[in-house]
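Paired with chain B in one complex and with chain C in the other, chain A is shared by the two complexes that follow.
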Partner chain A sequence: MSAIITLSLLAILVLYLGLFKARRALLPVSLLGLVATVVLYGVQWGKTAEPLYSGMVLFDHFAVVFSVVCVILTILVLLLSKDYFDKSSPHVAEYYALLLFSLTGAVLVVSFHNLAMLFIGIEIMSVALYILAGIRKKDFASNEAALKYFLMGAYSTGFLLFGIALLYGASGSFDLAAIKEYVVSNPQGISPLFYAGILLLIVSLAFKLGAAPFHFWTPDVYDGSPILITIFMATVVKTAAIAGFLRLFYFCFIPLQDFWVPVLLVMTIITLFVGNLTAIVQQSVKRMLAYSSISHAGYLLFAIVAIGATSANSVLFYVTAYSLSTIIGFGSLILVKRATGSEHFEAFNGLAKKNPYLSLAIAIAMLSLAGIPLTAGFVGKFMMFSGVLADYQVLLVVLAVINAAMGIFYYFRVIVAMYFKPLDRDAIVVSGPYRVVFFLAALITLLLGVYPAWLTGLI
Partner chain B sequence: MSVFYFVAFLSIFFALMTIFTKNPVHSVLYLVITFFTFTVHYILLNAQFLAVVNFIVYMGAIMVLFLFVLMLLNLNKDTEPLKSNLVKFMGVIAGMCLLVTLAASFRLLQISDPVVLKNPDIGLVSNLGKVLFSDFLLPFEISSILLLTAMVGAVLLAKNDPKKV
Partner chain C sequence: MIDLIWLIPLLPLVGFLLNGLGRNVLSKPLVGLLGSGVVLASFLLSCGVFAEVYTARQAGEPAVFIQSVFEWIAAGSLEVSLSFLVDPLSAIMLLIVTGIGFLIHVYSIGYMKHDAGFAKFFAFLNLFVFFMLVLVLGSNYAVMFIGWEGVGLCSYLLIGFWFKNKEFASAGKKAFVMNRIGDLSFLIAVFLIFNTFGTLEFTGVFPQAAGMAMGDTTLLLVTLLLFVAATGKSAQIPLFTWLPDAMAGPTPVSALIHAATMVTAGIYMIARSNILFTLSPVTLQIVAAIGICTALLAAAIAITQNDIKKVLAYSTVSQLGYMFLGLGVGAFTGAFFHVITHAFFKALLFLGAGSVIHAMGDEQDMRHMGGLKKHLPITYVTMLVATIAIAGIPPLSGFFSKDEILAHAFSANKLLWVLGFVGALFTAFYMFRLLSLTFFGKFRGTTEQADHLHESPASMTVPLIILAVLSAVGGLLNVPSALGGGQALANFLSPVFADSAAVTGPFHLDHSTEYVLMAVSAVGAIVMAVVAYRQYAVKGTVPKADDAPRGVLAKLSYHKFYVDELYDTLVVRPLNALSVFFYRIVDRAGIDGLVNGLGKRVGESAQGIRLLQNGNVGSYIFMMVIAAVLILAFGVFNG
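Take a look at the complex of A and B:
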């Protein structure tokens, strides 16, 4: 709980710093606050967790680990934000504050123990992002992204609320423990309202996750938003969404598996194919990464299809691997776009000659996204696939392997452009924070690929 | 009971009118009436606080704001985006699927004793306040972050960028 208070106060402090024109202090203060949050979570680790505030939040290992992942990803995003916002607008403090608010929402989403908290967490997370998507006021694409995200997001909130209301109508409580009690104690007499509620919750959570057929906003919003905000959406928000999804279903709905697993199974397969097939034909790297994030949402859903005790670990591993690589992918795109003004694959041509280290980091990220051995992405995919195989869903694994092969095709286009398409170009200047972020992300990706046990035993 | 059926009929009727009228201003006015019938429903359920909030905030503030925005936008036939028949068709199918799912699950319900509530005063302001400040204190407080976020965002989006000096 102290972590959530720290985060909210930190955001308000940042707002005040903006008021007093202390622009140079913004980034250090935010980073310091985030590090303090991680430390506070670390202190909590290992203590027996109990639901706090009449069962509103529960900081068990699951919540703590995913919160720490969200906070660390935000630290990396904020490091990339140095020199990024200063050019576009004078309201930098507000941007930082909104990012921190959004992070607060994400942390609530992963640690809720009451559906009211889930709703408020998702809303805080999304409302801040609706605005952040549209901060380039003069840019038409950014306006479109903000409007689209807002309208679709508000609509999906309606589904979430209706679902929660139906669950409440059936079970008489918002509390996860009470809902679980209701499901376990009436194996025969579960109200039909409850099933409708589960379906509506699947709709709204799949929307937040960006899984097909509720993915239509993803490419336009990811493409139109400023790249830094896209990184935040593709990493922190996705982490929070899948963790909240898993938490709800793992806590409450396991006895009703026969009902919702087929639904999610179909959605997973559609998501994989939609994401990968459309990513293949893209010409812009930003759009390619947006579609690839849809397909990764599909891989993440594997853990819920084959829900069990190991699901949390595989989601944790997969989401960490995916987020680190995404940060490198989009982060390098910021640099390339700044240097060439283009987001197309051709903008990466000949990068390896002039920026060998940057190219190496991008290559590692792409290999990890594609799931090549010795990277974290491979271990993540391996854990997901083996979890599903243990559930005897052979067809799903076969389809997923086909999709992984498609993924290799489009991720390698970036690598081929960098290494095998020579072009005379100037070296891109990579500033200090970017170096740190790329180095850390690439290093962790490789280390986790070789020693996966560091992360797998946590939850 | 007959009051309920009458008001329920009115809400469904005006909700349908909201969708089917061509004129957007009429549509909003019908929506206002729909919300008014909801207010009557809340009063019938003895949920006075909800009724008042629905009346003042939704009907009064938000819908009037909506009406002003619509009038300022000056919508007419020419600006209406054309949707292909395929999209309409898909929309109808998806909406009907949702309707069938919900209707089916409602149909399977047993009707409980409709008038007997454990505590008939549960919707009164004092009871709501007690719940908000005891059991639901944390969500209540955290809503302030949500409101602050929305406020910061609204100011941020609406404010003019000052000229660079």
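Take a look at the complex of A and C:
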């Protein structure tokens, strides 16, 4: 709990720093605060968790691990932000504050124990993001992204609230434990309202996760937002969304899985194909990554389709692998776009010659996203696939493997462009923080690929 | 020594890292020394390991050593450890990979001397050896899959090594795509195996499988998938067309990856999983049929090719076909024996061809060669040895290994033997055609090339000589009992194939029949060799120009039976059309058009923005609502 308080206070502190024009202090203070949060979580680790504040939140291992992942990802994003926001606007402090608020929401989403907190968490996370997507006031694309995200986000909020209301109507409580009790003790007499509530929750959570057929906003919003915000959305928000999804369904709805698993199964398959088939034909790396993030949402849903004791670990692993590579992918795009002004595949041509280390990091990220062995991405996919297979969804695995092959095609286009398309170009300047982030992300990707046990037994 | 197994793959990895990171710093001699040094060290370690396995076998033990490096993936019921398995089968593969790998590294020092990407080349080559060793040593299907993917990746990198040439890069791509099809199949097989047996460890899967019924459907599915994977990696029908194109890579790569090691991975994998295949007779029949068809088709194509490396490439495809034939008729030892001898003589042939190409100033067309015997004496003699070996003329190695496969084929089905024999005749013919066109007759190149002709440096010829000796005597490894041999290899490998042998019973063929078969194939090969020699060396016939009119059969063969064109029409074009369809209709019209968000066209005017608000987001939400309604409707019908 102290972590949530720290985060909120930190965001307010950052706003004040902006008021006093202490621009140089913004980044260090934010980073320091985030590191402190991680430490606070570390202290909490291992203690028996009780629901706090009348059962509003529960900091069990699941919540702690996913919160820490979100915080660490935010740290990496912030490291990339040096000089980035300055170019967009003079009011830098707001952006840091908004990112921190959004993170606070994300942390609530992974640690809720009451549907009211789920709702509040999602809203805190999203409202901050609506603003962040439109951070470039004079850029049409950015405005458009913000507006679209907001309109559709508002719509999905409607579904969320309605779903929660139906669950409440049937079970008489917002509390997860009480809802679970209702499901377990009424095996025959579950109200139809309850079923409808589950479906509406699936709709709204799938929206936040960017899973088909509620994915329409993702490509446009990812494409239109400033890249840094896109990174945040594609990593932290996605992590929080899938973790919240899993938390709710694992805790409450397992006894009813015969009812909702077929729905999710169909959605998962659609998500995989929509993401991959459209990513193949993209000419812009940013849009390719956006569509591929849809397909990764599909892989993440595997854990919920095959819901069980191992789901949490699979999600944790997959989302970590995916987020690290995504940070490298989009992060390098910032640099390439700065140097060439283009986001197309051609902009990566011949990069390996002039920036061998940067290219290596990108190559590792792409291999990991594609799920090639000895990278974290492979282990993640492997865990997901075998989880589903244990559930005898052979068809899904076959379709997924075919999709994985499609993924390899477009991720390799980046590698091919960097290594096999000769082009005389100037070396891209990679500043210190970028180096640190890329190095760490690539290193962890490889380490987890070779020795995944560090992460597989946490929850 | 056994404790040091982990070092064997690690050393080439270290070489890769050093050469890769220091490629701008290290001098060429140092890179060469480092690159070949690490492989040599691995080879020495492999020798030590082999010696221990050998001693254990002599003592009558099964000689299986497992070294667990660490628990790789452990999540719930899923436990995969990164561990290495050394048994007679992998011990021999270790020697081949590191031994021949070392020779080819040494050869590359001379061959790639003038190349700007020298260090990069050695780095990739080291990386390849690493992955190949992982593939061979893996004690479960997951680790094997890592190696399987890794060698494919390296092969892709090395084929496209001279990527400035567009055709070369697209050859790399073709290899990649075809291999992916196989890998996909492998991956599905891995999951299916895990699903069926609850483990991926060889030592866990095979005993369980041995208890299953003959013709079990799950086994059928698993083996079919594994076999599709093998056709991709080992270039069999229908996935063989990438291998001849892969000759775009540097010649040492062709020798190491596309002749001696990687392409035999499919055979290794099936030999490793032999019990699964033995219990699935349908799959074995398919394996045999595909094998013999590939062997014949590729041999028929090789007869009319004029590019020296293309001939060797098709010859490789054809020989791999023989190995699959061997697996298909249950001659696991024979197939693996052919892997060994083929590694010797085919690596030698490629390296010899490389020496010729080197001397000719990168000329690969045999119509411009001829009479090189006196200029390249060492290359000539060594290639002569290899040619006799591959043609199956006794007493060189190819005779023994091919004979063993054909003997098994004979007892399985006489027709298979006849077809195999015809293929062997083709083999003898095209190999002696290659030899005659290259080394005999008059020189047909330019005067410039004539002045440039020279024997290659010692770093290239010494590996040739060593391989020639091995090609000559390699057959002694497994002399059949009909010839009074002790079948050393078969005895050595027997624990690996013990389960299969228990199912099929001992193989038996009358010695008298075997003598006849041997005599027929040996005489046939010699006759064809003489025919080719008379035609191309004595008469001095030169193959026709590319566009010269040809008979129907010759035309078919020359154009590689139009397989590439067939695939282009059947697969590539429809796929392209589909992709364009997706791009035009689904992406442009559907996603970009209907719900276009970002288009600059739209965003540039206020009018555009207004349109966007009214139309686009609206249609997004409309779709969301439809989807939500569908989901709820589903709920109503389902609940």
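Observations on the model:
Operating definition for what follows: the second predicted complex is superposed on the first by the 459 of 459 C-alpha atoms of A that agree within 3 Å, B and C clash if a C-alpha of one lies under 4 Å from a C-alpha of the other, contacts with A are read in each partner's own complex, and residues count from 1 in each chain.
Keep this in mind: contacts are C-beta pairs under 8 Å (C-beta built on N, C-alpha and C of every residue); 3 or more make two chains touch, one makes a residue touch a chain.
All figures in this text were calculated on a predicted structure; none of them were measured in a lab.
Of the two partner chains, neither chain B nor chain C is touched by A:161.
In the superposition on chain A, contact of A:262 is made with chain C only, not with chain B. Contacts of A:101 after superposition: chain B is touched, whereas chain C is not reached. Once the two complexes are overlaid on the shared chain, A:199 sits against chain B and chain C alike.
Contact with chain C, but none with chain B, is seen for A:382 once the two complexes are overlaid on the shared chain.
With both structures placed on the common chain, the touch criterion links A:390 to chain C but leaves chain B unconnected. Counting the residues of chain A touched by each of chain B and chain C gives the higher count for C. Contacts of A:310 after superposition on the shared chain: chain C is touched, whereas chain B is not. Looking at chain A, you'll find residues 192, 195-196, 199 touch chain B in one structure and chain C in the other. Within the complex, the chain A residues that touch chain B are 8, 12, 15, 52-54, 56-57, 89-91, 94, 97-98, 101-102, 104-105, 108, 114, 116-117, 120, 123-124, 127-128, 130-131, 134-135, 137, 166, 191-193, 195-196, 199.
Across the complex, chain C meets chain A through its residues 70-78, 80, 82, 142, 145-146, 149-150, 153, 160, 163-164, 169, 172, 176, 180, 183-184, 187-188, 191-192, 194-195, 579, 582-583, 586-587, 591, 595, 597-598, 603-604, 609, 612-613, 616-617, 620-621, 623-624, 627-628, 631-632, 634-635, 638-639. Note for the complex: chain B touches chain A at residues 101-102, 104-106, 108-109, 134-139, 142-143, 145-146, 148-150, 152-153, 156-157, 159, 161-162. Residue ranges of chain A in contact with chain C, taken from their complex: 140-141, 144-145, 147-148, 151-152, 155-156, 159, 192, 195-196, 199-200, 202-203, 207, 213-214, 216-217, 219-220, 223-224, 259, 262-263, 277-278, 280-282, 308-310, 313-314, 317, 372-374, 379, 382-383, 385-387, 389-390, 392, 394, 397-398, 401-402, 404-405, 408, 412, 419-420, 422, 450-453, 456-457.
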